[in-house]
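Structures follow.
Two complexes follow with subunit A in common, the first pairing it with subunit B and the second with subunit C.
And then the complex of A and B:
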């Protein structure tokens, strides 16, 4: 009898413990709070913040990638910090300081490696996603004793990583498929001062934006033997470049059908290009220097935010007509926009007003406002399954 | 020297020191605005803590070796063919001098 009671009690306790454990992460995300070294874990179905995780160091210009099970966020801090945050337990699972000055990272196709791009010391380091132990260090030495800041680091199919050398004017393709020994292919003289890079959503083309000249450098990862080709040369020809108060981002190129939309540099324009022949098809006049030009998941519209001093405004461009169809002012310091996986909402960080605004992408109506301390990047877990994010 | 003249001398030398450092007159509120812009917007290239990023670090230790008029010129006019833009549209000469002084002191 006594034994029976004990057994039942044990079974009940067991059941309770398991029940409280179940939770999925597909509608979660994080909002970076850049000034306070913290992030908020948010839920996109409930439009609310679940908790705040602190102690992540200097998060100015921080970015995030997700483990393939969407449980862990890897946060790349400016101070070289790499922090693995557990979205279920709302805590830091592991944190290392791997460099002096960093600028983002990427996760490998198989999810086992996370790569970090460093300004200081210039290069890329690759870590185990599990333990954050160093797998390999790739100093970006482009001339004897000269190390470059690395930018535009993305993952590519075949367990490869691609990045650009800002000071070295090169693109490096790193193959991590064979073993922990990287096979590095270097493409030199790709153009002056690559400032960011992107990979097309199919993982085929790596494109580096050039600050030092008009145009971009394109590498076909199906045919790396063909080398880097220049595209969009002289897209700003005949017009004086305007000062750029914040470097545009190329991440997640807005691709819609046969078109790609992206920020011009030094011109208050979004550019439209035909992907079939990589020719520029349209200059779309915008409110300021675009920073992010981002496509809704359905590609029907692209949303654009701007550099200082126009950073209180967002414009929406219809991809079919390439016209600006909506303009609004979420507030001072609009830094980032993130769409829910199927795109019915967009979350917008308004840094100077300490809030995140959630909008309906169909009606442009505001859905909710969440308080946040100087919010910058917003990253939802569905990025886990997208090449290049 | 009696107490009074010591005090007068002290006040005089402090006044001279302040003038030598050429702290431009900027109201407290405007100072806060500039501080915020430097941290947040200059910080997008130079880092929120001014420790450097795509642009070089703006820590006092490095800047102290550079002349005021050079730093003022860079802020005012930018550096051609680099990402450093001119800021004269947003800050007047006095405000730029104020930024230079505070950057060199490490008080921004």
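And then the complex of A and C:
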């Protein structure tokens, strides 16, 4: 009997010892595995995968935001699923299917609310980050009985959210600072068929890309009374009509100090713009049609990946000279790139090769390679601390 | 006997349950209690103190950097103490006294090295963040047998450190990318008596303040071959010679997009400079001599505290109009301010009132007040993710 007690005690102490293996969350992240509805939780200090979490539904176009303590990832799935994943316990903390067809989300400045943008039914729903209980439903009704797909949803300072109405040609600015009672300001006729949006890293300018015409729509959130202005009138849908899914994501803009670098539509070019006057300053010839143009955290270089058939290649552009200074081929299906917070590493998902590659941004040497099932988006926890991410 | 087993089992399971109370680290921080050699670990989501850690020595001029996982705070004490504090276990993980009189430190881009700047003996020592074992000692010998106090130590991209030699009138750029074998580049005759330094948030420009003459020294780390340039020739020690301890810290510069806001020396003014040409553009009248001029993460406002006898007051300046738009009196001895990562709150230490106050940055309303023993510096864990902090 005594032996039994000792055995139980030993087992329990062992279990306890294991459970006191505290871990912090500042160097974690997730890699979306799009085909299998799973994600991997990874550690950027150790260059390794910690675990896989499954059961997240259709992740064919997933994006992620983080709780302000960097513990929970909120994963927005294509099927309208909103899944809260616990990075410390390696499990799904809560999952709801909140709409029929969702395409992205955002978290409020104070971390209490998560907003989801839906195609069907068209609108934005806002949930408590804690419980995933619905706080408010904002149908995107732009004319009586007419509901629009919503796109380009971002958070802005002051517990606000901004998004665009694809069918309604509007931008809506939603103030949730009084919680549960959204104050909505609507900007109408901003241009035909806004298909995506971005906000500058300081949260001041919201920019919507237009699918239905050339140019983009810009809203200064410091001065909403000035309304929406048109910029980049030569930037647009290209000479050929391209399907929406081939339009470059606007989150693929690199905002570096006074410059923005971003993909040209339908051309083998990256573009440089001066943020002081929103004028194009340079066309940079690239290997293919850029998809993402991502800025290193130190703004010294931008990294570019490309659409099929050039999607096996990455190019690196020096921001000062606007010259391509490095080119390499991680493999087929380079879908996304994510920098560690201070920029010493970049993680690259190579979908068709089923791996994630890690590179040293200074030497361009490969640090490690990790197996992953058709990896797409990579999201590190430091996004929790950034406006608009 | 069986009852005994059940009791033990119950107690152990209870202990386990307690230990699995995981906590993430993205919303934590520390408040230095300068008089008592202690710090408080705080949580910015809950607006509360979690615990106090004591035994950190002389913290009369302490600063803090964070490990890249946001678990450990490295505290640099005036007495040469380097203390590694575990924010999850609420205890000192390791403490060494590494010099006679230290004044600050920095952590390398990859998070593996922590550097400490010493007055006595003059130089910089670099330690492993893991074990606090010495990696390399860099005596600041600027002439045979002559060692300088070192100041203005910061990290830079590429696992580099930069610091200035107060007695030697030099700036040293230390490349630790090959670890253990520092490559040192020395810039001589940069101006008389550099007393502090800063690096811009992108890690490109290092700026040293000069105590011995007007103006400042600027080094472009993208182009070290161009050497050190003089800027702000009318910015300086003022008409009266002020003692060093009254010089404003350069970390009190607010770099906001294309502008820098910073304290005038010996005047009741904050200054605005255009970073494109490093020319002064505005003088902004303030309530007293500014100490810190801190930028909200959204760059919309800067917050200013002041030297005695105006150190009971805080002013808030709109960055667009350069007007003071708000003024309030948190209490006597306002020493430091720290913004939450996305900027919705600001925490203010009020030394002589023994409290820390938390304000809503949008409404200016007080959110909470926390007791603290003579609080000075406040440091949140998101600094782990920032270049130069």
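Couple of notes before you dig in:
Here is the rule we use: the second predicted complex is superposed on the first by the 356 of 389 C-alpha atoms of A that agree within 3 Å, B and C clash if a C-alpha of one lies under 4 Å from a C-alpha of the other, contacts with A are read in each partner's own complex, and residues count from 1 in each chain.
Going forward, contacts are C-beta pairs under 8 Å (C-beta built on N, C-alpha and C of every residue); 3 or more make two chains touch, one makes a residue touch a chain.
Predicted model only: the values in this text are computed from it and were never measured.
In the superposed model, A:381 makes contact with subunit C only, not with subunit B. Contacts of A:270 after superposition: neither subunit B nor subunit C is touched.
In the superposed model, A:258 lies in contact with subunit C only, and not with subunit B.
Of the two partner chains placed around the shared chain by superposition, subunit B is the only one that A:195 touches, whereas subunit C remains out of contact. In the superposition on chain A, contact of A:211 is made with subunit B only, not with subunit C.
When the two structures are aligned on the shared chain, A:26 is found in touch with subunit C, with no touch to subunit B. When both complexes are overlaid on chain A, the residue A:309 reaches subunit B alone and has no touch with subunit C. The partner of subunit A that touches more of its residues, comparing subunit B with subunit C, is C. Remark: subunit C residues 1, 4-5, 8-9, 12-13, 15-16, 19-20, 22-27, 44-45, 66-71, 87-89, 109-111, 157-159, 177, 202-204, 222, 256-258, 276, 297-300, 320, 341-344, 362, 381-382, 384-387 touch subunit A in the complex.
Contact residues of subunit B toward subunit A in the complex are 36-37, 40-41, 43-45, 47-49, 51-54, 78, 81, 83, 85-86, 90. Residue ranges on subunit A touching subunit B, taken from their complex, read 34-35, 58, 60-61, 78-79, 101, 103, 119-120, 149, 151, 166, 193, 195, 211-212, 243-247, 308-309, 333, 351-352, 374.
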